[in-house]
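A short write-up of the structure that comes next.
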């Protein structure tokens, strides 16, 4: 049985749908949860938050949904598929990512307006792009990016591969990029703090376990893991 | 297993009726496009066009409200191309036909071996078609067709792609196997018609222009095509006291007895024609071509096979006038 | 434009030398697999195997250190399949050959029209190959080949795929065009050899077994293949006072004058053979086949064209003994 | 001897370079020292195992369903066949993500068939079955395009000969038609397998990405890019290697 | 008449359903009332325009480079040809994202050729050129696979006849070989165009996404899914429509 939705008591699978940016902390929290609940397997489906909402609405087995923004969590709420009120579990703020060595010599947000700098940002249609727009307006800057990507991951990849001189990504992404990127924080980032809500899903196969997973994430233990990967507190 | 056919395919301008008695072999001859292939496709069931009717051994195969698919007709076609299945050995090709009619695997193997033996193919049993010569492949195709035990065999120029020697040998074998089997053969070769068929139908423009016993038709042709096919000269005129009076008034002495003024055909072999100094038929030489050890001289409407000496003595060359005579006893006449 | 060829292709067991003088036409005959195609491919430049040498009009086309690609050889092949370009009209097919040798577009159009006219194809100028009959297509192919103005024309069974009538007409046209052109023709048809070629080479097993003037070779064949190809009976024996003494001791009276005991060939037409009650050569009938208006009777080694009366009078049927005689003057003899 | 004009080499080499250089570039990026370790990690092995299993089953489905489709497209004479052929080939050119959306609309819980299937207790989306469906959807046209062309080229003369010998249609199909197009069938099968193995967009959209259940090798590569780019490159190279082997085997005659 | 056994219909219809139902499902989801508005928005039109332009140029490149490659693969007689053919066909089966990574490693600013190109003042990253390169990379094998098969099937007898008439290789190629395989060339060209039009993964990985410069229709569809799913479905349907038309034209004989 690969669907994992069996409740024959032998082994239970908890289906967690989490935004791709949560991959590393959630892998760790999942392992912790499995340790605390012998016989339970945590299966995390990582993808863009909007894809996850769509998949849950189309019938993907789901116990927990962790979104990278409130807009997508709201979609699930509006569809009546949340089992409890969503809880904010983390925040994330924008940071400038530059390739190792900072070849374009970027030092501040203003430098990104330089037409010589190949800047990559998220498209306004996706959450990180909305945040970028807010920051840009707060700083009164006119940025001319060479690309407006679908996801923050695509932005990060353009920077790590050296295609772009700079990109606007979340703090956690700079950390994920490892040695290939350097992060430059800037004060305007505080104008666009991104909230990560988490909720159990209506119609879940494991409602109690789901709630326990949400509780673990919001517990000090879980928060510590998130912080270790660069996330801010709610 | 008598075949009754009414071929009526307006799209190809074919409208004719044919019949082949049980055990008989009918040769279909005629120029390209005369409708020979149409007839074969109708009988084989690969053509369903028009308002045709095919009845074999009392069963309506094609007709109003009737349609027996090709595989259920028990009509097998053997064509110029042996169409041996390239992925099967000679033996397996023959066994295929046996298996197709329900013979068990074990018996099919034995029977295939018998057929291979019969056609002197045993040494080639395990060869694939591409390892066979044209004649060998065609022999396998014959064995395979016969192994299918068809009620009617269709032969579509079966020897056209073979070397002369091979064709002659195969013709003999076919003659043996066609005896007693009902068959239709389409051919461009008079030898096929004479060797293999009892009756002959000459097709032109989708119609039958001559029909009858093969030997009779080919010795007493009535159309220019049949005469050319049979290798004979054919003239037509009125009978007048031991001679045929042609359209231009010239007289061709001939054997036969007919009422005066009767319209008659005169047929004679090119080898019987000789050039003469006086009398004879006045013609103009069109071409000279070697013909075996003789020279075939063609005029407007006649062919003559002459020796080199004759050609030289009468100074025959294209454009030259010539007078041609035929011994009376070599000119067969019959009512037109 | 003399052709000198040394074909040496060990992988196909071919090793022979040939020569065609300027303006001459050589016929290559022989059983399947004798090496005829290998010779043509070597000359055309589509085969580069072995240690062969091809020299045309003084230029080394294939040889040690020399290799002229096919398109630069000015050697054009005309085969059984006309290989007309299917996307071009008859006119454009001919114009292609002209354009290929650098003729301007305007002149090519005019010259193509001339060729179409010459071969009576003008009415078909704008047809595509699939709208042409076999004979028409082959005439376009001839026009196209001639329009290429090759130094050497290779003909690979050019009439093999045509109806008898069409083949005969085309043979005449080819004869006209080959006069004065250097050409090699591969054929299975004695008519082609006699009509089109001045010299003849008989190939067997990759070697030349007979070679000489076509007319001479075909009236005085020296091999069984050549005799069969020429349609003659061939016997070999010792000369003894106006007769050929065969191996079994029987005597065949024959024309000629040779030293006593000389080894000689005797050749005679099947039509010259007649059955006799006494004497003659003792043979057994193998098969009877209609042959024009006669019957071709085959024995172990002889063929006889007899009338129906003769067959009936001597009760000839497969297996029956027969005594065959030939008028002395019809038996040509020559030193073996 | 080839009789191609020599200038043909220039664009041919340019084109070859355009395709081959990127493959070489990936090979150069592979961290060869860690290659073995990277491709034998738990998640890599799970992905490889799942990929081979699903691609195998998908290929089987492609053959079982695609061969009859090819036969109909090549042999049947009904009006509208060109349109049908075009429709069947769409997955070949559709962005796989759109293909995944289309599959969701069909087999998803609220999809065309999904509701009925749900009532019957069958859950397809986000299961290994969904991966197989997605792969079959994108890979089938490769089989059809290979086989249909071969069936047309082979023509019907052997089939007509077999029927003339009295063989029923099933016998003709199994003993004549299919053996004759075996090379094309083999080649189409292998192309389908390779395409199924490389399938990404439709899978992630329709089946999700769950280790051991729906996370095939391409999805694992995509995920690894985030955390361990070296592993992603190593797995990409592995995938390319399998694809080359598989195509080389398929196209050899 | 078709002589297929009747049971062939069952799997054929199942397979047809598997491919056709999802297409139907998308059609049913299209918000027909707003269809016109959705596909004529600024961003949709910019994406459509860019897609047609880049797919057109890519197709031209596929023909210019792919025809010579097909000729070499079909006619040249050198050892290792099956391997070369397999390598050239890889993009057919490679997950496009991996293709994009491979292109990055080659033409990226720090790639194999990218550094040299950068020194020469050629900037490929984030340009329309990058989109065209990505599309050409993934679409070329479609042209090669169509044309090479046709060239093999057509054989060399017309070419040999043309050479025998004295035609030089270039004349043979342009006036005999190519006209003879014109149907396959047309079909391969149209398949390439369709594939280029649907290209997504390699483009987003290699070229980025900027309205009017690199954001083609598939990227626009993907982006619209985030903000306006109705628009995404409408654009998907438009893309399918173009693909069907294009393939139907290509495969009609």
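Which chain is which? They are A, B, C, D and E, in the order written, and residues in each are numbered from 1.
The rule we apply is simple: a residue touches a chain if its C-beta (ideal position, glycine included) is under 8 Å from a C-beta of that chain, and two chains touch if they have at least 3 such contacts.
Since this is a predicted model, take the numbers as computed values, not measurements.
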Chain C reached from chain A - shortest hop count over touching chains: 2
Among all chain pairs, the one with the most C-beta contacts: D-E
From chain C, the most remote chain by mean C-alpha position: A
Rounded Å distance between chain B and chain E, as computed from the means of their C-alpha atoms: 56
Whole-Å separation of chain centres (CA-atom averages), chain B against chain C: 25
Centre-to-centre distance between chain E and chain D (centres being mean Cα positions), rounded to whole Å: 16
Numbers and ranges of chain E residues touching at least 2 other chains: 1, 3, 163, 168-169, 172, 222, 225
Multi-partner residues of chain C (each touching 2 or more other chains): 69-71
Overlap residues in chain A, where contacts from two or more other chains coincide: 51, 54, 157
Set of all touching chain pairs, with the criterion as stated earlier: A-D, A-E, B-C, B-D, B-E, C-D, C-E, D-E
Touch list for chain C against partner chain D, complex: 48, 69-71
Chain D residues touching chain B - in the complex, by the definition given at the top: 157-158, 160-169, 171-172, 175-176, 179-180, 182
For the chain D and chain E complex, residues of the former touching the latter: 1-12, 14-16, 18-26, 28-29, 64-69, 71-72, 75-77, 82-99, 101-103, 105-106, 111-113, 133, 136-137, 140-142, 149, 153, 156, 159-160, 163, 168-170, 172-173, 191, 194-195, 197-201, 218, 221-222, 225, 232-233, 236, 239-240, 243-248, 251-252
Complex contacts: residues of chain D adjacent to chain C: 1, 3
In the complex with chain D, residue positions of chain A that touch it: 2-5, 15, 20, 23-24, 43-47, 51, 54-55, 57-61, 153, 157, 160, 176, 180
